[in-house]
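Below: a set of structures, written as structure tokens.
In the two complexes below, subunit A is the common chain; its partner is subunit B in one and subunit C in the other.
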Partner chain A sequence: MPSIDDVVDAPDELDDETAQELYEDADRTQDMMGEVCPYPQVEAQKGLQQLESGDLLVQETDHVPCTENVPKAVGDDAEATVWRSGDGVYRIYLRKN
Partner chain B sequence: MPAELSPTETSERLNDEDFTLVDIRDPEAYEEGHVPGAENLTLEELEEIVEEREWNDTVAFLCYIGKSSQQAARFVEEYGDADDVYSVAGGMDEWDGKVEVADNVLDAGSD
Partner chain C sequence: MVSQLLVAAVVGLGIGACLQKGRFCFVNAFRDLFAYKDTRVTKGVIAAVLVTMVFWGTAYQFGYFQGFWTPGWGLTGIVGGFVFGVGMTYAGACASGTLYRAGEGYVQYWLTLLFMGVGYVAFVVAFPSLQSTYFASLTFGEGVSLFEISPVPAGLLAIGVAIVATLAYATVLGRQHTGGSERATAASARPATIVGTPVVGLQRLAAGTRSYAAGVLDAWADPIAASKRPWDPRSAALGISVFALIWFTSVSIVGVTGPEARWSGYLLSLAGVDAGSFSYWGSVLFRGAGVGVTVDMVMIAFLVLGSALAAYWSGDFSLRMPRKRRLPNAVLGGFAMGAGSRLAPGCNIGNIYSGLAELSVHSFIATIGIVAGVYVMTHWIYREVGCAI
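Then we have the complex of A and B:
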């Protein structure tokens, strides 16, 4: 079955090990499971505002479009990468610039 | 990126036989108010039917703010058989035309 994930323009993907290490070291995590746009975009922007340059914000989501829309929403405020669990859960890693 | 239709352009095309508007917001949001004539399909439902459905000539997707609808439009461009696929710019946030709540059609601009 085709997946929306096939057409999402997401940032570079992390491998499982790196993703887990970064997740454990994250300065802030946001649980966005079950949430859809625009809430995750707004929360990402707010979350980054409260962090220092170099800090890491991680969002966990099951809404595939967020893997494209959240990084685009924060723009140059953060460097973004993503991790795919393979079973419908995604993490968006935002390293504040 | 898929082409965008403005809310005004979308309103003008709503009654065209070759035009279908698909609202991809969750069913609760759709029930609270939607564009008259819009069909509600979640992204999960869209994934299930995209290949087997005979799409109308022109299909436009509408979401909350016009972001996820771009991915939905891209998805149907890739896997569906519609001639033209659009995303409605600004989503329901920017919609200023009529809104249907249950059986009542209201004018969004009138408050």
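Then we have the complex of A and C:
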């Protein structure tokens, strides 16, 4: 039985605790608050180019569409998960493959 | 009048909510197609256009309509559309995207709206000389909707065009699919035939639609939770088409920058400017009826409110302050969108959504201009990392 997740094609969501732990472990963070498309997508691609396989890049953003199109933009270069604060702040976790 | 205002409120709230829930962004639809071959939003836009076309064609055939919007056709669609396409890609939001994000609390897009307003005003001031030079030399013929001139009944024509468009899409999909499997099984692969490619594509389209329908059914199990989650752009497309049908039968086609340009004239008239004395506001936009609030102006105001309510319900509403280095995007992008939408005339909603759905000749041309503008600007923004197409 397909779920709604197959349909919206959105990355898996993290719970608050995991999101915070991973955020503290990040190899690189990018502050994308106040940014608009497509700059976070471009920055994510550039940021990943400078990381090693297995490294974690985290973007903090307040731009809703980024939670889907940043993971789409990096494609197979990284595994993506997201965290939604519930009040308009999002983090996108990209683990480089 | 009261009933029209009620329709404006319902349609505005509904379309605003659908745009927000589906993150229905025309820039995303084309930019990410070119940059990453990501067709998620593109599929939503295609679905919205085709479904609306069938709805409107059928309503027109049976006499349930108020009128089409068919400006004269010519190269203005290419020039203005291109300026608009460049502007919306730089701004990061189309005309409808700017409105729904203004509702989500983005100060960046309030600024974009403001500078779209500056673009409208600059156009209005320049209009008398543009009319005798730019429009006179680049407009080649009277505007027309194919629904009005086709010997085929409009409803059937719409269904026919939708089938042809679906087959064309299936062919592209099938070609990608067979292209991939040919590499994988080179020894046993048969060359794709003219008939085979669309069939493979249709099978994939059917499978995609089935999994989409199953997902929607699944979501019905917990409608409140599903209403707070992001929606598939195709769901938003269906919702928008239903509200657009209500609007078409009772008011007109759906437009955004036309009503916005009227707002700019109306707001300036409140500030003491004699907006009616400018020919573009007075005789073109308000058609000599005096500068005031029209029903489509009310509709787009409710669109912003609908998006705000949907965003609040989904936990996506917040007052977002822009970055200093993104101000040029709002200022220049907004201005290019405002001016470009008047030069075309029409924005992504007037031309790509409503214009294609009503089979307007002008909008076919303007759509090419807008998409070309997005293509060029996307390649410039992604110059460091490269584009897929």
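In this text, the second predicted complex is superposed on the first by the 88 of 97 C-alpha atoms of A that agree within 3 Å, B and C clash if a C-alpha of one lies under 4 Å from a C-alpha of the other, contacts with A are read in each partner's own complex, and residues count from 1 in each chain.
Heads up, the rule we're going with is that contacts are C-beta pairs under 8 Å (C-beta built on N, C-alpha and C of every residue); 3 or more make two chains touch, one makes a residue touch a chain.
Fair warning: this is a prediction, and the values are worked out from it, not measured in the lab.
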Which superposed partner A:Gly75 touches (first subunit B, second subunit C, both, neither): second
First (subunit B), second (subunit C), both or neither touched by A:Lys46: second
Comparison of subunit B and subunit C by subunit A residues contacted: C
First (subunit B), second (subunit C), both or neither touched by A:Asp87: second
Those residues of subunit A which subunit B touches in one complex and subunit C touches in the other: 1-4, 6-8, 36-38, 41, 63-65, 68-69, 72
Footprint of subunit B on subunit A - complex, ascending: 1-4, 6-8, 36-38, 41, 63-65, 68-69, 72
Subunit A partner contacts - residues on subunit B that touch it in the complex: 25-26, 43, 46-48, 50-51, 63-65, 67-68, 71-72, 74-75, 78-79, 93
Touching residues on subunit C, where the partner in the complex is subunit A: 23, 25, 27-28, 31-32, 35-36, 38, 40, 91-93, 104-106, 108, 211-212, 214-216, 218-219, 226, 229-232, 315-318, 320-323, 326, 329, 378, 381-382, 384-385
Residues of subunit A that touch subunit C when the two form their complex: 1-4, 6-10, 33-39, 41-42, 45-46, 62-65, 67-69, 72-73, 75, 84-89
